[in-house]
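Presented sequentially are two complexes of chain A, the first with chain B as partner and the second with chain C.
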Partner chain A sequence: MAYISLKSVNKKFSTRRSEIYALKNINMDFNKGEFVSLVGPSGCGKSTIIRLLDDILKPTSGEITVDGFAYNNSESIPKNMIKKMGFIFQVPNLYPWLTIRENVMLPLKVYKMKGPEYDKYAEELLDYVGLAAYGDSYPSEISGGMQQRIGVIRGMIHKPEIFMMDEPFGALDEDTRENMNLELLEIWKKTHMTVIFITHNIEEAVLMSQRIYVMSSHPGMVKSELTIDFSGRERNLDLISDRKFAEYCTDIESMIGTLRLDEIK
Partner chain B sequence: MRKTKNNFVNFINAVYPPVLLILFLFILWQTVCEVKNIQVWMLAKPSDIFSKFVENTKDILPHIGITYTNILIGLALAIIIGLLIAVITCSFPVLGSALTPITVSLCCIPMVTLVPTLMLIFGVGRSVKLITIVIQAFPIVTMNAATGFLNADPAHIELMQSLKADKFQQFKYCLIMDALPDIFTGMKLSSIMAMMGGITAEMTGGNQGLGSRISFYIGFSKTPEALSCIIYIAFLGAVLYSIISLIEKKAVRQ
Partner chain C sequence: MKHNRKIMSFLAPVTLITLIIIIWQAACTLLHVSEHILPSPSAIAVAFKNDFAGSILPDTFVSLRIMMSGYLIAIPLGFIIAALASQSRFITRMILPVLIILMMIPMATLVPELKLFLGVKPSLKILVIILQTAPVIAVNSLSGFTHVPQNKVDLMKGLGCGKPETFFRVVLPNALPQIFTGLKLGCILCMIAATAADMSVGQGGLGYRIARSATFSATSTAFAAIIVAAVIGVAFYMLVSLVESIVIKWKQ
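What follows is the complex of A and B.
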């Protein structure tokens, strides 16, 4: 059985006038150590999926299993499960009243994890993203790209096994985004985390993922599933000039394009 | 060295405009009184007020002590009670909706109308003064703090939820810090309310405190003496407000 699995998961949001299916009959599997991206037009429920996995939202129906643990729809998942997960937001979402270092270490405080080894790990991570000199600065004193890097390492300070990212680099300029992609790949190779990556940017998804789920909106459903295979070539920016890379991108692009057309009709 | 000098310059820049304006107004006041030859019991000249201020200090000193301690204790109680009620209001919605109309109406009631009743129940001693101050000052803390808690940044709260922080942790790491600017606004306003409540209670009954002195002097048409007492009240009010503002500058980083 897969490491993470969603079986016939539905999520309904009720508004005063109507009921909206954010997710309809979602079946997904994620293997341990895999890098999987979710792409699709806005409103397809990509963000909702990881919010279900992170137990921020509860599904209307369906089964979710993570590492052998079956989610219960009426109870929140236990602490030892949530500690396996790291969650990265669309925006850095740093607390302005904490220093950069305090922000990075905030999850440890909530999880009551203390000790010199974590202090050391925080410094290592800060150093890794090139911000070791800014530990005592405040978020308002650093740039947006730097803030998002901090957001990313905050999500992994407690050494999670599952790393869920909700369009983490959407607000960054193209250069910074590429750098962050490469940094993320390095981190992934080093830590062997299972990564679930949500993005609007198809190149980004193809460059990094082993598998991509393409989703449609209204209601959010899985349209297709692609395995991205560069026959063992290392993932780096050289791939972008590869013919196969372009093929994957056009494939997905046309898939999403038809989805958009359907919607207009 | 350079930095301390800059601080000094900043201080002077902040202080001279109000000082100059107050001086100008006093001179205007003095001139109008002199030229129009206004009776001293009607409107005292600033010079009369200051001479009485110096002359009276010794007699007034114990009253200043009483008023100042009452207001400080009352304000401290009001802030604690106000914050507690705000936390309860936001943690238990049902209790919150039950309490809100009461706190709001307490905010609107002029204390002059309530103090005589309170004095019938509690006498004219210190306790009634403290009760008046607390009733006058705590609702504004509650209203502002509650606004702060409810307006906390949803993204900040979502981070706590993604970490599965319990209610207390959410409060400690996120809500209270997000609400801090509003809490300080509430405390600054409540320092003003505490001044008004304290003086109102003293003017209404009893023979202790600056308020009672003011009523006494006004009763004998001793306008300069009455007005000289007001200087002490204005002074404490300004000091309290500045102290809270100063703490706010140190504590709030947004």
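What follows is the complex of A and C.
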């Protein structure tokens, strides 16, 4: 059985006028240590999927299993289960009343993980994203790009096994974005985390992922599943000039393009 | 530069106040205004000096005591009402209009009614202050508790935190700026309510001194008491603002 699995998952949102299917009959599997991206037009429910996995939202129906633990729709999931997950938001989502260091260490506080080794790890991560000097500053005192980097390391401070990212680098400039992607790949290789990565940048998805789910919107459904295979070549920027890389990108782009056309019709 | 700005923000109002006092004094002297109609600043200063130990100071203590008692009860009361009401959207909707109505009613006008039930006691004045200040503290805190950005709550949910933990880690700190707005409005209303309660209840206090002096045409003493009340109000407000700047470090 897969490490993470969603079976016939539906998620309905009720608005005043109607009910909207954000997700309809979603079946997905994620293997341990795998890097999987979800791509698709806006409104396809890709963010909703990871929100279900992190217990931020509850599914309307269907089965979710993570590491052998079956989510029950009504009950909340125990903290030691949630602890296995790290979540990165589209926006930095830092708490303005906490200093940068306190923001980074928030998950540790919640999970009552104390000790010098954790303090040291926090400093290492701050140093890693080049913000060691800003530990005692408040979020309002640093730029948006810096804040987003803090948001990323906050998601990994408690050494999660599953790392979920909701278009984490969308707001960053091209250079920073590329650097962050490469850094993320390094982290993934080192930590063997299971990564679920949401992006609308197809090249980003192809560069990083082993598998990609392409989704369609209204309702959100899995349109297709692709395995990205560069026959064992190392993932780095050299891949971008590879013919296979371009093929994958074109395939996915045309798939999403058709989806958009369908929607217009 | 920062130092200069500090001096400016102190000098600017002081200059205006000095100017007003000078014009006031000059107008009273040059136009020969009766001291019983509008006393000059110098006449007020004399009255202040003469009546300070005998009446103004004891009355100030009476006022301070009831204000502090009322305010210090109103803070936790308003706060608890807001914290409980924020737990359910239904209760919030139910209680908010009532709080707003209570906030708008000048409570001192209810003194004759309250006297019928409670008799004339010092606690009557404290009750007036509580009724006047607790709603404004509750309304502002409640608004802070109920307007938390979804993302901030989602972060807590994503970390597996329940409602109580989310309240203390996110809802409360997020609401602090609004809570302090309520506390500052509360100290303004507290001064007004205390003075008005003194006037209709009696039994000492600055409001009582103002009403009584006015009755006996001791207008300069009334003015001296009014100025003391104003100074207390300003000092009180500044004290709460100081606490605010210590608690809310991140907004500076």
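Operating definition for what follows: the second predicted complex is superposed on the first by the 265 of 265 C-alpha atoms of A that agree within 3 Å, B and C clash if a C-alpha of one lies under 4 Å from a C-alpha of the other, contacts with A are read in each partner's own complex, and residues count from 1 in each chain.
As a convention for this text, a residue touches a chain if its C-beta (ideal position, glycine included) is under 8 Å from a C-beta of that chain, and two chains touch if they have at least 3 such contacts.
Computed from a predicted model, the values in this text were never measured in an experiment.
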Partners on chain A (chain B, chain C) - clash or fit: clash
First (chain B), second (chain C), both or neither touched by A:Val110: both
Residue contacts on chain A - larger count, chain B or chain C: C
Which of chain B and chain C A:Glu183 touches, first, second, both or neither: neither
Chain B versus chain C as contact partner of A:Asp54, first or second or both or neither: both
Contacts of A:Glu123 with chain B and chain C, given as first, second, both or neither: neither
Chain B versus chain C as contact partner of A:Trp97, first or second or both or neither: both
Intersection of chain A interface sets (partners chain B, chain C): 54-56, 76-77, 79, 82, 87, 89, 91, 93, 95-97, 106-107, 110-111, 138
Interfacial residue positions of chain A with respect to chain B in the complex: 54-56, 76-77, 79, 82, 87, 89, 91, 93, 95-97, 106-107, 109-111, 138
Chain C to chain A touching residues, read off their complex: 151-152, 154-155, 157-162, 165, 169-170, 173-174, 176, 248-251
Touch list for chain A against partner chain C, complex: 51, 54-56, 76-79, 81-83, 85, 87, 89, 91, 93, 95-98, 106-107, 110-111, 138-140
List of chain B residues in touch with chain A within their complex: 155-156, 158-165, 169, 173-174, 177, 180, 252-254
